[in-house]
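Every chain is named by a letter (A, B, C and D) in the order it is written, and numbering of its residues begins at 1.
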Amino acid sequence: MSHTSSAVARFTGVVPPVATPLNLDGTVDHASLERLVDHLIESGVHGLFALGSTGETAYFTDDQRVAIARTIVAAAGGRVPVIAGAIELTSTRIAELGRKLSATGVDAIVTTAPLYTLNSATEVGAHFRAIAAGIDVPLWAYDVPVRVHTKLGLDLLMQLAADGTIHGVKDSSGDDVGFRRLIAANNAAGHPLQLLTGHEVVVDAMALAGADGVVPGLANVEAAGYVRLWDAVTRGDWTAARAEQERINSIFEIVFQPRGLSGDATGVGAFKAAMKARGLITTATMASTVETLDDDALERINEILSALDLMPVAS
Amino acid sequence: MSHTSSAVARFTGVVPPVATPLNLDGTVDHASLERLVDHLIESGVHGLFALGSTGETAYFTDDQRVAIARTIVAAAGGRVPVIAGAIELTSTRIAELGRKLSATGVDAIVTTAPLYTLNSATEVGAHFRAIAAGIDVPLWAYDVPVRVHTKLGLDLLMQLAADGTIHGVKDSSGDDVGFRRLIAANNAAGHPLQLLTGHEVVVDAMALAGADGVVPGLANVEAAGYVRLWDAVTRGDWTAARAEQERINSIFEIVFQPRGLSGDATGVGAFKAAMKARGLITTATMASTVETLDDDALERINEILSALDLMPVAS
Amino acid sequence: MSHTSSAVARFTGVVPPVATPLNLDGTVDHASLERLVDHLIESGVHGLFALGSTGETAYFTDDQRVAIARTIVAAAGGRVPVIAGAIELTSTRIAELGRKLSATGVDAIVTTAPLYTLNSATEVGAHFRAIAAGIDVPLWAYDVPVRVHTKLGLDLLMQLAADGTIHGVKDSSGDDVGFRRLIAANNAAGHPLQLLTGHEVVVDAMALAGADGVVPGLANVEAAGYVRLWDAVTRGDWTAARAEQERINSIFEIVFQPRGLSGDATGVGAFKAAMKARGLITTATMASTVETLDDDALERINEILSALDLMPVAS
Amino acid sequence: MSHTSSAVARFTGVVPPVATPLNLDGTVDHASLERLVDHLIESGVHGLFALGSTGETAYFTDDQRVAIARTIVAAAGGRVPVIAGAIELTSTRIAELGRKLSATGVDAIVTTAPLYTLNSATEVGAHFRAIAAGIDVPLWAYDVPVRVHTKLGLDLLMQLAADGTIHGVKDSSGDDVGFRRLIAANNAAGHPLQLLTGHEVVVDAMALAGADGVVPGLANVEAAGYVRLWDAVTRGDWTAARAEQERINSIFEIVFQPRGLSGDATGVGAFKAAMKARGLITTATMASTVETLDDDALERINEILSALDLMPVAS
């Protein structure tokens, strides 16, 4: 096992949550996964987020998760750092999973507040501290109340930053006021946290507000756009950043094409359909028991891609 | 491995969710657990629910869960059937855990809708079907939206009953209208489901409405009362059932004594404190990272128990 | 203005929330309303709840509300007490409306926590106290979080009872545990509050639990059944109460026949459709801007009524 | 009655929701209100939002509301357009109130989805259409799910724009993804809607995303800052906009100083306390029944203002 470096890896800029390609029988398509990782890095992304919600991690066994992390780390080959989601119920279970994932060579672990349980903020703090103490790579916090039904508060996050428990936050909270306050508090404290937004359609705005980077599911479909967007952000060209964001947002409309399906079927399903259409993966198979897009949705997705000259990627 | 019988076990009447006693160092106190199981059965309960929310199952590793189930099954010794919670994120993971638990000899597995994911009712149905196909004991559904944030709908449950996927429902939904409609639909379909309420303070009322039994966390503290209550229900003596329920509800006030703590710290914490006071377990240690009750709360709990002549149980 | 008596009126037993019949042009059909009130009282109900959610009160102007209350009071003619909903945003506005309604001769006013505002429990208490001080008839609290998005807590309600602010509670909270605790606390305090459940399908169970009465929207369709049910409750015949409740619940299935419509269109719409089918009102017109049931839904509703021999009522 | 012009007034740039100063006895302090309006306009704001949430409109009677609107319109004297909130339950009531407010000379009316009722998107659309048909000034939609518990969807808003029902949206939804999509859809449709954000701490970011203006409650405390911020936005100087936003956000921390109070007591209470400290209003009295800030909170608020050289405003 070797992590990218002995120092704490930085996750800033564009850090896509890597989708998990599947074979038609539902097993992980490691060949496509390698190809996808290589494509993302060649497109210029700055890091990789393995086993996130977009990676359908909740649907995989621990053995599958370890295999996925191993493939991503190997394909990355140290070119960019890799952070892996350890999505499980509670701290003891998460630390156990975190150690398995750490052994694959990922540079950091990211996890959420507890699932299923009914905990106080004090207990959620103890949860993150127990996990950090139980793994041998840096820990990040993932704030995604739409899935976890707990919001990580500003005071809690800054305490966990102050005592070295967490090194960054992926914010998918949908609370732009809270995120802006977190940015300000983090700056006032000397920037102990790297703050990434998970809201891929407002990267320009959140970067202006002070985000350190973005975890865009849509980068699985169009990584180059996000890299251009972040380059514009880096050089302070907000007009160019906005223009690229608006182009990207036209692509994002693919996730609104499926009708009557679940959030997971719609979001990841649209990404996988577009990735297949662009030749980035071999099948758009979803993890069991997620529904598959119908032909109408696929047609509308393809129309959007065609209208934007997005298919297929040159291999 | 031997299940109680080759037929589908019945879970009706009083089926307590067995608390998990812990040693001061947080390891499982199997000796107290054996003693607790024996006490419950001697008190007349009709079945045991292992690894439920009251059993703090979400905080334990799979190895701990298997050990807990094994102790409960052994201590029960076939005197009453045992159903075990398989609380995990999604179907593949749940079936994997369910097989481990089934190997301990439990008679049935109970689980919830998926956690963390964003699924449709169709997908939740597929979830239960995949689990039932992946385990070798009967499956029950556990409807607990306060933890899972999904309500299992009437139509879905009756479909899963009709195709033999599930054999019963533990309802902790807090939706008395929905539960009453489920009872009516189940009766109209020939009673394929055994319907248990998780609301321990309205057992008389839910029994009048048609519930087949109850999963009362408070039975860890006072099992005999629930057995008396159910006996009254069985013989149609609703006045006696109500009187016993009201006495039991005075005990239930223990869970409202802790102030400013989480739901898990408060509910299970009060049960464990009272169990320790009654000599049923050795320590009131909570699973990591749940907070412990303060002395004020313990004092108020003891006052309630004393006022009701509830301490200690003769050993 | 004359109230039924100088003492505080009692609202126990069956207290239907009177539907508001409309003409085809959307104006209030006072003739049908008079007829409906007379039918309800002739059927044996014990009180009337004017201007509740089932009465579509939120859709009417203050002038319309006053006219509706006046008609109901006149038609009741002192035979049963009348309580009127004063549904408005905040205390000053509610008291102003309450005085207008009180002037029609209603015996009590019932209202909710504030709407639209973001208040603490302390402020909600002050809200009820300000209203009680601003009207000249007794005040009741209406707990309906599905509409108001605030739950009235046990401690708050018992404080408002202790200081004489409120005389009763209509509970539509869907929280059977909370309602059972409220019953126990009210009994321990000497029964200062009359406690009515709004859950028309579990009247037998809630009566066993200790409810003083029920506010059943469905009584607009089938008042006699609720009166029989309450008679059984009163004489302690729980088996008969349950049998009548189950018969009534078969009728309640009418509210699940409309598909894809709103809660108001579905619930009140089904009641009005059935009332028209039974000859109790002239049209099933809904308040603006609520959608109307389609023919499919009407057909299924009529089938349910026919199967239960419920149409038409002899005039 | 005279509106600012015969054309549809534009509400863009900085449009503060005017606070409602009160005398110690709770009556409206019209002298302070005049002074406040004059101060805001002198500070350069581009429009005024009367009777919004910050204006505590929900707590006032219709007579009080009309008087408040009249004072604001008179004090504005046509220098900037005035839009007035008509916050009421449903369409018939809102239109009735809207006509009263329109008669005071306001240039537009803004309202929300229905309160208290349970409506579908179709019914919410009919609601806005009925209101627009019932008033004689342009209508705006106010999307504030934290108070109304309904989110106005993209499709609905664009339909209401297409048929001329609404002329703009004040977005306080906290859904930055939805707001970004609304901006894109509005641009694609030829910009029929003026889109204002209510999130005063991310104005730079939302302006970059395409917002046409902002309704900042905090502008009651520091209007000049928002005007400078918007000037920077207008000339495309995003770095200056961000710097001003960050300065403003330091002031916004005043709303987090009160502890244990309600949302209304905290937010409006902090604004009023700071306005009084700056000499903009005479008392910080809150509308009945909102709690008052304690001395600790006032001290911390004054410290924040002092540290930022914000007290008092030269009269």
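Observations, loosely collected:
Everything below uses one rule, namely that a residue touches a chain if its C-beta (ideal position, glycine included) is under 8 Å from a C-beta of that chain, and two chains touch if they have at least 3 such contacts.
In UniProt terms, the chains line up like this: A, B, C, D = 4-hydroxy-tetrahydrodipicolinate synthase.
Everything numeric in this text was worked out from a predicted model, so none of it was measured.
Between subunit A and subunit C, the least number of touch steps comes to 2.
Put simply, the chain farthest from subunit C by mean CA position is A. For the pair subunit A and subunit D, the distance between mean C-alpha positions equals 36 Å.
Mean C-alpha positions place subunit B and subunit D at a centre distance of 50 Å. Contacts with at least two other chains are made by no residue of subunit D. By the contact rule set out at the top, the touching chain pairs are A-B, A-D, B-C, C-D.
Contact residues of subunit D toward subunit C in the complex are 53, 58-61, 87-93, 96, 114-120, 122-123, 126-127, 130, 146-149, 260-265, 267, 288-291. Contacts from subunit D toward subunit A in the complex involve residues 174-177, 180-181, 184, 199, 201-202, 204-206, 208-209, 236, 238-239, 242, 246, 249-250.
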